[in-house]
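The same chain A turns up in both complexes below, where it pairs with chain B and then with chain C.
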Partner chain A sequence: MGIHSDDQKAKMKEMQDNLQADTHPLKRYRHIGERGGRRLDGYKKAGGDADYTMDVQLPGMLFMRFLDAPYPHAKIVRMDTRRAEQLPGVRFILRYDNPELPEKASMGKLPGLYGDQPPLPGIAHFEGEPVGAAVAADTESIAEEALSLIEVEWEQRPFNLDVIRAREEDAPLSYPEMYPAGNYWNNGLFNELVQGDVKKGFAASDRVIEFEFFRRGHTWIGPERPCGVFRWNGDCPELWVKQQRPHLVKKNLSTWYGGVPMNKIQLHCLYQGASFGGWVQVSWNMGPLYCAGFVARKTGRPVKYVFTRREDFYGESMDNGRYRYKVGFKKDGTILAVEGVSTIVNQQWPMFNVMNHFRENTKIPHLYGRSESVWVNKGPAVPTRCEQLPTTLSMTMVFSRVAAECGLDPVEVALKNDGYEGHDMVRLEEEKRQRGFPATDSLKECVDRGRAAFGWDDRWHPPGTRRLSNGRMHGVAFTWTNEWDDSLGTGEIAIRIERNDGTASILAMGCDNGVDAENTYCRIAADELGMRLQDVHYNPQTDPGFFRMSPDSSTNASVNGWAVRHAARILKQQILQAAVSPTAQTQRGEYRPAFEDCTPEDLDIEESVIFRKSDPSVRKSLADFVMEAGQSGPISSTENAGFRWAFTEPFFAFGYHVQLGSYNPENPRPHLTRQAHFLEVEVDSETGEIFITKAVNVNDVGKAMNPMSCEGQQYGGTIMGLSRGKFEEMIYDSVTGVMLNGNLLDYKIATIKDVEAPIGTILVESGMGYGPYGSVGIGEDIGTVMTGILGPAVHNAIGVWIDDHPITPDKVLKALGKA
Partner chain B sequence: MKPFRHFNAQSVDQAASLMAGYGGRACIIAGGTDLLGRMKDRILPSYPEALVNLKTIAGLDAIRAEDGVLRIGALATLASVAAHPEVLSNYRALAEAAGRTASPQLRNMGTIGGNICQDIRCWYYRGPLNRFSCLRKGGGRCYALKGDNRYHSIFGGSVEKGCVAVHPSDTAPALIALGASVVTSKRTVEAEQLFSVRLSGTTILEGDEIITEIRIPEPSAGTSSSFMKFALRKSIDFPIVNCAVALTREEDRVARARICLNAVHVVPRRVTGAEEVIQGRTMTEDVAGEAAEVAVSDAKPLEHNAYMVQVARALVKRAILACGG
Partner chain C sequence: MTGKGTAGFTCPYCGKRFDTFEELKQDILTSHRGSPLPAPEGQIRLIVNGQEHVENVEPSWTLYHLIHDRLGMTGSKQFCDRGACGSCTVIMDGLPVLSCMVLAIECDGRTIETVEGIARDNHPLIESYVEHHAMQCGYCTPGFVVTSKALLDRNPDPTEEEIRDALSGNLCRCGTYPQHIIAVREAAGRLPGHKDSGGV
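So, the complex of A and B:
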């Protein structure tokens, strides 16, 4: 028998791409879906014992800091580093014009701004960009002081900050080297979405409305600042990185410094102090690492860099810009056509079309969407917290507007338009049946449960009509869309049974992101293997062999969960086969099986004990079965006594899974599960202050493998989404192009005190996810969808639309004519 | 941060002497919550050569009521002021102001002396590495005037009529409304007279002058006070507008009132016109509203901060009414 049986391999391949329902679920669940249980990293993180990359200290380590551009668009004409070089403690200054630096190096996986780039550029395209020089010194303070001694002559260039101005023909070029033809960038990849003919839809409509709004960009920062440590062990690089995608670091690094074989790169990815996409996808996240490796090689010492908090602030979400809509609909709320155009700054991934979720979730027959990317001189914009912000924001705004225009309950408008790719619910039900799913009406169930929990029917009212006894205006809002775990990727997981005690170790890439996905993998392995949860542990491999999807990639459990399950099933088969086979076969003879006169099918495992199904009293614990290893196994004393311990084969299995995702316009799988969100606010019409008083999230996660982890996403996502809706924006000085609020005081992130309202969490388990056991992702969803809901809630309160997000008090007062 | 010398002062005299010796090249440090941020970000053209630590001076953090006066040591933390029974009982505006300042961690470190002496928060002035050499640093212009001034003065500027950065203290308006005086190593001044606008400074204090105590007279019978703060976040932010009111009633009429706005002007702004409106009158919502109108009647908002006028109007009215009917 090979490591992987043909039967299990066939089942693994049957599952690839997740186009069908899970055809081989478990008959019963013990730990999957169980509430409670401890986070694997809980004690370490809460107790301050978890190690982060920022904590790494190595003997002889140098500290590196970068020169930041003071202007939004400028070229270094001359740079004098002599005074800095003379400062005691300075060990190396890497200049942009160092002849050993390549013109470009591989810095990411995308073309354009985030692909091949200079590791240390001499031209800045946004204020704060690390350019020109990197100083390595004995201490961080010395490096900082040395930077202040570098004299730079800059050639300042005209710049753009405003997305509309930059789109105009006579606007200066923001990135003349890369985009000499203009600031508008069309990479020709999915930035247009066409379904039906919107002209026909508008013509058939009772009413057609047009509106636009702006959304300001928000940051990606997390508690741990961007950082890395680089050391050379001979010709083998060893790195510590704060990275959601360590496999990309390894891949890029293998092309640097003349080429480094992958098997010589040792990469450690420790705990991470949060990360929200963003940073990891930006080329200049790799640039400092390249520089650190370069300087480490030159000096023969480890080099560490840690960005300042302000440096961490440069770069933003991929939804900063203008959104324009034309919507045609019937009086009863049936939408016939939507045309949406987003014009977003520095949007690298235009394939996330502004109309995507309309196509994926509605029966609206006629859609036209265009996502324009316009280069301006701000930090790069990449998927930050989620790339689907523009399209979920569009769903919220369009549906809320239509409901308000028709005087209808927005919940009813949503139900009326539910569907997929222009098809109605009848067709969607048929899709569900064909793919082996139960034909549940997900949105209706979410709505019914959310409406009851929220008290929607008592709270919803026509806009601007309810003033409370405390003098505030009362408002509510509702929004919805699908659940998603869309992105492509692979997961590779191995499991081994430990000698001596028979516990199981899941071996896979370490890539902490705080969501406790590893706990879920342990639950899957435990239930599949028939083991107690405490007997299964996730042992992260800091050097990422066994790559897996990491949380930034919008898809986590639905890929990695399959891989764990495949590995566990293969492993269980191995164990049961071994249990009925000779314990060992050597040249001295054959050792009796642990379970004689039976087949693997006669056995099962529960509570980490193998037993005979027909007679459970015939049993052996996994610990007793696997025995001990090496010299502690068949020890000499027993051999001298004429007795020899049996010795089982090692139990190790790996599983893998690949998913192609559904971003492609030719989506091979309709979204089947929905999420619905309800929000209540009170608006102080004298100060413009908005008070969040109630929120209810309903998420159809298909199967909640780890319910408390799902609820954690609902709580955190609500606060994060409303934080963006109420406060968050990057603010630049229009005259100088300098960021004004690049710190945690002036940039407002909501604390828990700013969303004091009770947050209701409801999980629907329709089984209609494409993941294992019918699950579907929840990770990014709530924080993304809740971002826009504040707009319609405030409209419901004051009766006026505010077309500039975030919705801050000054805008509320202006809308009320009081400012 | 750059290297600097650090002195643990044992007495106010020693601290003053050290400061005088450095001739403007040293800074006083107490809680450090304002100063250390300035130093880390290198916002000023010069950098202190030395810090003189006041926390090592015994007894400067005491709070006690004595002979009809509440005496608060300059080193009393904001947390201790906010929680002090005497403050809570008789100086409600101050308790609320101290309790709404910053965050719990900062209130545990920050002192009341530091809170009233703190530097401005204008984001141009605070730009790291002295990115904006503005009027307040002796530079050529106020960047906020034509820039993003959403949090700046609605009552005009100073430093040659230019700088429009506001004073950010929460406790200052409460102290002014309560009629406090400030004792320094050189003199005693009314709290209202303490504030001034000058290069890299917000008070009239000389370089070697150290606040030692704040004294607040015991409120007369029939006095109540209140404090209102408007900020974007409830948890940590500096005020966009705040307002403190102390109001004394005799029978059902207002005998005396002191109303002070802050964060709306370059110094805390006592609105005497509004005080006059309510003096001698029975308090009603309309009377409070009338006073609020007068309080903002001479506002001259900038391009991006007209909303602050409305917020100030609302807070004055509410703070008056919060003093009870």
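So, the complex of A and C:
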């Protein structure tokens, strides 16, 4: 028989159309959805045995550091590296004007956008940008000292840091090499969204309000700093990278240095000290790797580059800017029209339209959204948990405003406006029925469970009306949105049954960011194959030959989970077919089948044992079935000694999944599941300090394949989101353009002391997702949705809107007229 | 300091200077015969996870550099660059210290415990961290484990507030904080002698 079972292969292709409900569900779950269980990476990570790229050390390795621009916009006119070259221990200084460096090399990921960039630029577009020179030395401190000996003559250029100023006609060009015509950039994707006619909606409204707010720039704070190691083994590059998408490194590298065949590149992606998208999305991360490879070839030694903590601070999330809204609604909270314009900075990716979530999960008939990107002299803005920050922030602000203006409970306003693409819930229920999904009112279920767990009905009150006995003002907030729809992607995964003990190895790209996805894949494979969970292991491949949907981040389980399921089903069919077939055929004849006189359909596998369904006493463990390997490998040499010792064929299957997802502007299917979040705060009106006292997350994840992992994303995302809402902002000096708080003392993130409040985590399982078994993604969304909820909570406490996020004590005092 | 300097030759035992090598030799034979050769400058002896190490360190090396880069104990991590994150925490003579803020040269005669030693000794913290998913990307996890171990060493039954106080210098960007409270409390309950452990 062939590697692929035709029947399962056909089903695999069928399920790539995930517009319908799962047509081939699993009959029962054993490990999928099971609570508890240890993380696959647990002992390694807790015991200090998990290695990260930062930990890599190779014999003879050089350390590379980069020159950082002292000015926000400047060109190198002249550079003298002679003193640095004379420093003992300096082995190579790569200059921006090295004639062997190409003017541009492939650094990007999206064709036609910003793909090709100089590997080592000579012009800085933000203060702190690594430009001009890369020093490779015996130690990091020698490299650093050498950098201080480099003399540079800079031509300073006019710069601008302000999002509003950027659009003014006389504003200096911030990135003139890339955008010579102006600071405004329209990449033509998702920039404009039109549904209905907002003018009609405003005309029919009881009230029309207008407001604006700002979100200041914040960053990812990946615990492991950006780094990489490059070694040449002859003409074969070997790399270690901190990269969420290692296959992109390989793809880009294949075009560098005159071209390197893909099959000569060996790439290791160890554990990843998280970057939440962030760093890995930027072409900025490919240049240093290019330089490391260049110098490694010149010196004949491995080269490791590591960014400083400060250098990693310059990247931004995609929501830094100004948001303007006009909203028309009825007195009962029914929203008729929303017009939103966001102006945000330095978008290196296609923007996610600011009105997308309004379109995707409301019945609001009239929408207009425009997302503008402008360039300022700051670092690149990339998806950082995640590109949907602007639209979820907008949902939170618009719905909270409308509820407050109407004097209504925001939960009721949400339920009143739930729907999709301007259609009401009746139409959405019909969509669910037609596509074979259970007709669950997802938002209502999320809201009911969250409201009860939070005690919402006792805690919500009109804004600014509840002072507590401790003197603080009490406030609550609610927000909601749809499932995470970042389902575009591809997954390729293989499973092999090991000789000797019959255990299963999942073979796929290694790239762990910590969401315990590998555990989920093992659960899927175990249930699909009928194996014990302890008999399935994830063996990450050091080479990204198997693509995985952004391997351990965006919607990994909802894409890669399908691939695992497909592979497991194909493999199971192979095993059962082999069990009823001659175990082998050699020149001396056939070996008897393990199970005689039956068909594959007569057999099943449970607990890693193959058995006859009509008589389970006829059984053979997978280990016994695949048999021991002989001295000469799987085919036993004992045959030559006169025994007939049967053997089985190799069991290996691969599955793949290609998912279009709803990132396509032509939304392929309505969003069916919802999430709801509740927050309680106390505000000290004398100091402006905000105390978070309770949070509850409710997520309809469709199917919780790995519940503890899902909950980890709920409380973890809440902490990250509230940290951003409460503390996080990169602060620049407006005169010099220099970042003032690029370190972990001056840029605050939440500590364990900042999250003393209980965080409730509730998982709803409606089965209405696009992933396997009706699941949806959860890893990105809570950290994104919770980023904006602090504003409405503080408004509910003090009765005044603060339209400038993060919400810091000085802004609270200013809002109260005390500063 | 040994060898010919501007004032001649320096005795490696007492630092006394001599004009000629013969004078130095004579002094050593008469004054220092049988004495063990003094350690070269920059040489330190320290106990790491119960084993003695003799290392020649440079003045600028941090304890983190010695442990991570020289001894290859890569469980200590560098998250920040200025003593702000706790990821490089080790236990020195019973107290948690930030190994990136301690000079290796200052560690002569010290006893150090790293996460590798804690794991090797099967401390209950390891099992409870794994069981309660007190980690995500895992980069900061060893720092939490070491800090918690130091806490349990001096306070085997900490309250939730005491755990928060102890771990307040450890940053986790994935937001795993709630699980650390649970994991440390549970590990405390499994310590020998704890009322819940059933052990002695």
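Operating definition for what follows: the second predicted complex is superposed on the first by the 794 of 819 C-alpha atoms of A that agree within 3 Å, B and C clash if a C-alpha of one lies under 4 Å from a C-alpha of the other, contacts with A are read in each partner's own complex, and residues count from 1 in each chain.
The rule we apply is simple: a contact is a pair of C-beta atoms (placed from the backbone, for glycine too) under 8 Å apart; a residue touches a chain by one contact, two chains touch by 3 or more.
From a predicted model like this one, the values you see are computed outputs, not experimental measurements.
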Which superposed partner A:F652 touches (first chain B, second chain C, both, neither): neither
Partner chain in contact with A:K753 - chain B first, chain C second, else both or neither: both
First, second, both or neither for A:Q272, with chain B first and chain C second: second
Which partner reaches more residues of chain A (counting touched residues only), chain B or chain C: C
Which superposed partner A:L745 touches (first chain B, second chain C, both, neither): both
Which superposed partner A:A50 touches (first chain B, second chain C, both, neither): second
Which of chain B and chain C A:F727 touches, first, second, both or neither: first
Which of chain B and chain C A:Y29 touches, first, second, both or neither: neither
Which of chain B and chain C A:Y591 touches, first, second, both or neither: neither
Chain B versus chain C as contact partner of A:Y179, first or second or both or neither: neither
Chain A positions touched by chain B in one structure and by chain C in the second: 141, 310, 745, 750-751, 753, 756
Residues of chain A touching chain C in the complex: 36, 38-39, 41-52, 54-55, 57, 141, 220-225, 271-274, 276, 308-310, 512-516, 708-709, 712, 715-720, 723, 743-745, 749-753, 755-756, 759, 783
Complex contact set, residues of chain A against chain B: 70, 141, 144-145, 148, 310, 684, 686-689, 726-727, 731, 733-736, 738, 740-741, 745-746, 748, 750-751, 753-754, 756, 808-810, 813-814, 818-819
Residue ranges of chain B in contact with chain A within the complex: 1-3, 41-42, 121, 123-124, 127-129, 131-132, 143, 146-148, 150, 230, 232-238, 304-307, 309-311, 313-315
Contact footprint of chain A on chain C as seen in their complex: 60, 68-69, 72-82, 84-85, 87, 114-116, 118-119, 125-126, 129-131, 133-142, 145, 164-165, 167-181
